[in-house]
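Letters A, B, C and D mark the chains in the order given here, with residues in each chain numbered from 1 onward.
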Amino acid sequence: MWLRTSCDFLFDITVPIPFVLMLRPRSGAQQWVAREEYRLEPSVPVFEFTDHYGNLCQRLVAPTGAFGVYTSAEVKTADYADQAFGAPFVEIQNVPDDVLSYLLPSRYCESDRFHQMATEITACQQPGYDQVSAIIGWLRNTISFRPGSSDIPVSAAEVNSRQVGVCRDLAHLGIALCRSLSIPARMVVGYLYRLDPMDLHAWFEAYVGGRWYTFDATQAELKGGYVAVGYGRDAADVAVYNQFGPAVYPTAQTVHVERIRG
Amino acid sequence: MWLRTSCDFLFDITVPIPFVLMLRPRSGAQQWVAREEYRLEPSVPVFEFTDHYGNLCQRLVAPTGAFGVYTSAEVKTADYADQAFGAPFVEIQNVPDDVLSYLLPSRYCESDRFHQMATEITACQQPGYDQVSAIIGWLRNTISFRPGSSDIPVSAAEVNSRQVGVCRDLAHLGIALCRSLSIPARMVVGYLYRLDPMDLHAWFEAYVGGRWYTFDATQAELKGGYVAVGYGRDAADVAVYNQFGPAVYPTAQTVHVERIRG
Amino acid sequence: MWLRTSCDFLFDITVPIPFVLMLRPRSGAQQWVAREEYRLEPSVPVFEFTDHYGNLCQRLVAPTGAFGVYTSAEVKTADYADQAFGAPFVEIQNVPDDVLSYLLPSRYCESDRFHQMATEITACQQPGYDQVSAIIGWLRNTISFRPGSSDIPVSAAEVNSRQVGVCRDLAHLGIALCRSLSIPARMVVGYLYRLDPMDLHAWFEAYVGGRWYTFDATQAELKGGYVAVGYGRDAADVAVYNQFGPAVYPTAQTVHVERIRG
Amino acid sequence: MWLRTSCDFLFDITVPIPFVLMLRPRSGAQQWVAREEYRLEPSVPVFEFTDHYGNLCQRLVAPTGAFGVYTSAEVKTADYADQAFGAPFVEIQNVPDDVLSYLLPSRYCESDRFHQMATEITACQQPGYDQVSAIIGWLRNTISFRPGSSDIPVSAAEVNSRQVGVCRDLAHLGIALCRSLSIPARMVVGYLYRLDPMDLHAWFEAYVGGRWYTFDATQAELKGGYVAVGYGRDAADVAVYNQFGPAVYPTAQTVHVERIRG
């Protein structure tokens, strides 16, 4: 399907502040960006670079006063995210070099502490896709998905203790459980068609059967309409904006996703 | 200045043919892409990747029949390209690691054969920017810039023998001369505002005084309005399209560059 | 000074286990590896790759039975690690692209939780080297360095609560404090001449004044004799061995560092 | 088999000269470096980096006077290089992203000029390994392998015209022919056990059947005992030393390869 996504931020800046933004979706194996817009008001010098994970990042210094970031894109993405029950666990020796780092614990995914729990959750499952699927089922049953329930990222261990979280939190716990079983898993931030309430979204991918598959514990059933903006080990890598110095929060943030003809 | 660029290709494909296209400008230190469009008709699956030089490349298989590629962008670029007479030669030991490869000879820049000639052209010049400037002056005086005079890339040695060439040819010879003096030089393909006749353009950059500077022997004087689409060692690296299998040429190609308000 | 380093591991493997090892020091700006040996007994197929951080990693499947890894190197390293009191804080907009990721929180360095504390520790210090130096002083005074006091990595927050730790723990807390002040900091694992008791060592580097500087809260005074084997965001990235599947610990581990003539 | 390789250069330097050396073999899929030595006399600061192709490169400034570079390695390599008659041509759309650049013409491999000739040489062959094998057969029959017959690199077109060449020349022509048929091909520089006369060696690899295979037109039959030191598009990328400024040639060069127990 073809989607038009947009994400706008408005900041009220009191002292010039360096930002690193990650708001430009990339065309890749899963999606094609046919049109894209990225506007700053006022216009300031921007330097774009590609990070370790292949994300396009925009560096700038936000000037004092009202500062707006307006982005939109027209993207072709799959009508239905691929599913592959039975897809096997990839033996570590066959995991590609550049996927290996997604096996390591990271800031918000303390996978080194979840092995026992993951083993119980996935008992009786075939190693691979079915294990991840069992983790998704467990997350849906156990952790309440409550948009707005946390505003700063919390870690998988904290989420597990709270038993409630936002999309990012469920993804962190899902990732930690996968990695604790030696299944590579990574965070994705982006858009989801018909997400309710509409907002930026976070989900995760797991590497089984020789490729990455999409998983999302916040949805009752896995449909399509995902548009990825950033990939990383966890939320620390894929903040749509990182600002340095005194904390600054958007005074307004708007996200839209609508279906269009291609 | 803000520019709207567009480049469209129309092909008549008789058998499905794999293409690698390089038609998506990237935001970087020199330019900011605020809006961009990339449309294929008919729409086919596209896989985009980043090459060694940081260029975004689009892989696809063109289907039989009429196949159109329509790209446009709105880009902020400098009103005047920086110039820096007197900027010094960078001693090899101080050239950054990732710039070193631009010292090597490449397909169309046989820099290993031009040392004597480059030394003569730049006699009495301060090492660095002024040498490159002397090379530009020599190219303007010696090689006739004649758009349309060659359709396949020819090498610096061939250009030097013909004494006539298209923009790409002058760039190749300029690059070969620079590298033969141990000045890193790279090819750029993109757009130039007010180029006459309008077309895709090629120029080169040389690394002196600690950064890359723009050089263009096809213009009587260096202005601004450059929009880069691809960087590489020479034309072999920055073909806007590479197709594999039986040769295919566009039945139509249109390039536009106009000035807009940002 | 020239050092001969060696690190040997002996494992008793009960079922074939995939390993990723990081035991090959690389020559770089800080050190020159003139001789190096890497022996496995029994010999098994090994695939080596370079990770995101430039570390050489060795992948293999350890066979059942006794499995030995024997590595040694002869390395030239600085007699005295550079110090630069007064070296200024690097404004975020001037931090090189590939250094930016060392500002983010990571598994064992929850820098997003330490800003207040770091501000107090570094009160009255000039931004930059002197802040890091104050952090080192605070670590020496506050956290007891006790080799052997932890066997699995614990995070900066945990270390801060325990007030005692191994070299890795002090490095984690130091890194978290630096990053919370927007000073890039990274973990280093390797060898230190005259470390007592001799073992593999961990310290950290902070990016101030336009380059990386060595910091080590475990030593009363900063000398030289450091040999780096791996760089990363924290211990999760620079494990000298990662093994997957059932936990396996070395039955013997030997580390030597001696001074030699070059 | 286990091999001990060594390569020593002695230079007589009259003015300090920057060098980029490529003399450190890397462990990889095809070989394991168990021991390695790299000595410079006199000892000078060296900075090592990894180039685009994964090669380890050593940067230094050679001081005036006698300057010696002494390298040796103990490497495990295959007893027999893999052969795979019938391995199919890889359709362009299935060539991995990072292999694509080996389809492009390069300084010494003008593949854009060899399509007709390559088609004739490989007439009646199955696309893929068998085509490359036919190219090897043609090279053996047509181009005389004469060590010492050229001292500077010449291009495939020049080799084809001379009908005689050193190992590097035969590799260049083989690579150009492969690429002209859309088969990725790359240059390898390194050692070959029992090469006669012993020297550094050059051969090439072609990407068919989903992986790289070794080809060497200088040998009557393909055995094993290859140790790779550098990979690249052609000789311009894999010079074992590049020096900048006035030309400098070794006053002595010694290469040894002997078989050892592992």
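Simple rule for what comes next: contacts are C-beta pairs under 8 Å (C-beta built on N, C-alpha and C of every residue); 3 or more make two chains touch, one makes a residue touch a chain.
Nothing here was measured: the structure is a model prediction, and the numbers come from that model.
Chemist: Please report the smallest number of touch steps linking chain A to chain C.
Modeler: Between chain A and chain C, the shortest chain-hopping route counts 1.
Chemist: Copies chain C, chain D: same or different interface, half of numbers shared as the threshold?
Modeler: same
Chemist: As a test of understanding: of all chains, whose mean C-alpha position lies farthest from that of chain C?
Modeler: Here the answer is chain B, farthest from chain C.
Chemist: Just how much do you need to spin chain A so its Cα atoms sit on those of chain B, in degrees to the nearest 5?
Modeler: Best-fit rotation on C-alpha atoms: 180 degrees.
Chemist: Roughly how far is chain C from chain D, going centre to centre by Cα mean, in whole Å?
Modeler: 36
Chemist: How many angstrom between the C-alpha centroids of chain C and chain B?
Modeler: It comes to 43 Å between the two C-alpha centres.
Chemist: Among the residues of chain C, which ones contact at least 2 other chains?
Modeler: 49
Chemist: Graph of touching chains, which shape: line, ring, star, complete, other?
Modeler: Topology of touching chains reads as a ring, each chain with two neighbours.
Chemist: If you go through all the chains, which pairs of them touch?
Modeler: Applying the touch rule to all chain pairs gives A-B, A-C, B-D, C-D.
Chemist: Which residues, counting only chain A, touch chain B once they are in their complex?
Modeler: Residue list for chain A touching chain B: 26-29, 32-39, 43, 45-50, 54, 56, 58, 76, 262.
Chemist: Which positions of chain B touch chain D when the two form their complex?
Modeler: 18, 20, 49, 51-52, 57, 59, 61, 91-93, 97, 100-101, 103-107, 109-110, 112, 152-153, 182, 236-237, 242, 244-245
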